């Protein structure tokens, strides 16, 4: 494909069309490859290394109507120091909250490396006019958000109006400027693998820094198959533009074993340079606790209880 | 750059118990052979000697035939359902002891434990289950009258899937009422010897399954024995031709599963990432020691560069090393002899003008190893594009039109398997109709199932194994 | 005094041809001599070339068309049954035996004609593999088949040495010895039928003179021997066949589905089932 680079990480609509034209995925072959990657046996030092990666890649998340400043305070403290009993355990990557709580999160994390991410664009449904999404996003940025997690316009996607979906992301990217933009595909709604790859490529072409699996608000949030496919899209996009995008998996990743399997996918399909919070994130609330237990278990050789670890 | 190295995760070999020396298995028990000759079976990944096995001679084959004759007397009196019960029991026992078998297979043959555990052993058990169920349904298996077992069947199997090939041979032969004399490959006899123990354990009547280990001379004695009424062989085309020639004077049954040089055709409208996976699986599965391996990548010219770039990247992620490490993708080459053959052909490929790509990986100091290898810029006339390499070496050829793809694919004396990659359904069927091969994988590769017939066109042999068609390899159709 | 009734020619690629060697041999029936071709090595090679072309053409016909072509052949044979009956009687059969043989031959033609569009249903199947795959074994014909007729004076046996392989879509080179008049006569009906040129070729001669050429010829995919051969002839055939792994069937069944089985290859195709 002969594409002209618009800027560092975007493609024109016509080049985007070329990228998603004749896009094909075979479900059975895809699943077989992902199942095969899941047989990797990660033990000893490589397991500890993975667990530490996972902590540093976590976006500790709370996205509830009942969230308060008090709750954000607890979570931010945990984000900075996930295991007070073990100073070797690093901080997580970010806390992820609604726009109304960005200011509080920012205040709580100001003396740390922990970033504040905010969802926006009428998360989780995205069913609002673009103007509202722009306002939502601008507000979060004004409140101090370092990263913005938007949702794609699934209504437009399913109506076949890919142009509209693309244009919205372009518009929101303009609002974000240098603020990191993560675009949520909601793979559980897209259902087919071709849809997931198509939505991934459109999101990347429109300027997303990251593509993200799910809002976490539906039951089938993330899947390793979706992650694999998004990694393939990230690779294809890098081949065309040279731009190295990241992936965030969120929605239903609760234990270390599952999280390590995601890391294996990224490690083998994209390479170890993606094993960094700059390029891979887990959006999770309870995952960190399990990872902390596993780290402690590796050190002490005894299975742990969650009451050793602070509430998030 | 930081990397994440997977720590070794070794499957313990403590579970297997290997004797220092093995006899042969006749009359339902292990016996000292007439032959006093032994050969050492080694682990190709370490060159460590595992055991000494008997090189059966002509007298041993004679004894095996005597044992088989007695076995046939008992076996032919049993009802189909009784035979089925023995095979079901064997299937169950194989499942129960599959970890032991898997470790032994990887030790003796060099294949990754991931494959012996997740592929070979489940397939072995499945074969016994599948054919067990046919034993009492032979009369309704085909719309023909007068299907009868041959009697004593001689079976010679290769070293690439030792126990799996045993199951492909033994399960249908016993289900159809034959008795068996099996000669396993000289470099991989251990799982067959363990299988003999299982036959004892299930109380299979003496003489129904007979095992004579050895080398080519043992196989020749088996092939030449006048009381063998059917030979089933899996191995090289050269030996297959020898067997057809050697048995020319006798009216016996013969099925041959021989070599291949399969084309894996990738059209430009394929699901590229899955095609890359399929091509990798097609040639690097079991170190490429697969008769149906997709050893010729037949690639539409307009996607050549993109595809090769993805393929090379994917190849680089293959982990070569200790077969017992659960994270190993590619194990050891089965023998020094095979390694020399692969090296020779690869050198030929370079000197003929092919562009070689080999993955960067550390190879262990001992044992037999070969890096995953890809040739581009190869021509159909090159040796690497014509001869079966039987190793982790893929040769790329390009085409412009579907007709040209077919021409390239069929331009070989072999006809065992082929692959087709396109998301266009009608093109799959058009292509499949024109490919001269017994097994065609469309948008997948190297898939096997006991119910799915397997076998070649042309010089890849004759007869089918597996499925309803596989029964006919062990039943005489009488006029 | 017997008279030379007719000089017959081989039938190759839809044409009546003399042996390129010019050699013939004489077959003596009750009242007549017949001069028939003594097939040479070169004739065998020409027949293979014709049969290869014929195979492609015969393949192009749908199973339904093949049924109609074979049925039409049966109609023509029936129309000419007196001619065959005469030859059989001259060969020594009683009138009633000859009649019965012709009737059997026509029945055989009818049976195989109706089989052309059914055998694949009876031999192929969908295989219930464990996994998300569609897996089907379908059947293809082997290619060029050389068939050696029995020595019987039987029109039905001649047809039963031809029809099983022909019905599967193979092209056939049918070879007869001292009873070749029937086969050479059949060539006339073949010629008037809708069988594509080269699909069915008729040769006459002494098999022992061409045994090596046939069994060595790589482009003959299979040999079906309906005649009783000596052990040493069978050995020669199989030894030569082993050079290219030619399929050899000795005394194959001549009735039922099993009569077709030696002439088919099983092709199994896998495809994933996914969204």
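As written, the chains take the letters A, B and C, and residue 1 is the first residue of each chain.
As a convention for this text, a contact is a pair of C-beta atoms (placed from the backbone, for glycine too) under 8 Å apart; a residue touches a chain by one contact, two chains touch by 3 or more.
Values in this document were obtained by computation on a predicted structure and should not be read as measured data.
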Best-connected chain pair, where connection means C-beta pairs in contact: B-C
Farthest chain (mean CA position) relative to chain A: C
Distance from chain C to chain A - Cα centre to Cα centre, in angstrom: 69
Separation of mean Cα positions, chain C and chain B [Å, integer]: 36
Whole-Å gap separating chain A and chain B, where each centre is the average of the chain's CA atoms: 44
Overlap residues in chain C, where contacts from two or more other chains coincide: 131, 133, 272
Residue numbers of chain B (touch at least two other chains): 443-444
Contacts with two or more other chains, residues of chain A listed in rising order: 26, 28-29
Chain B contact footprint on chain A (complex, rising order): 22, 24-26, 28-30, 32-33, 39-47, 49-50, 53, 232, 239, 263, 267-269, 272-273, 275-276
Of chain C, residues touching chain B in the complex: 122, 125, 127-131, 133, 135, 137, 231, 234-239, 241-245, 247, 250-259, 261, 265-272
Touching residues (chain side chain B, partner chain A) in the complex: 1-9, 114, 118, 269-274, 277-278, 306, 309, 317, 326-327, 423, 443-444
Sites on chain B touched by chain C in the complex: 126, 142-146, 237, 240-245, 247-249, 251, 256, 258, 413, 428, 432, 437-444, 447, 449, 451-455, 457-459, 461-462, 464, 467-469, 472, 477-479
Contact set on chain C toward chain A in their complex: 131-133, 272-275
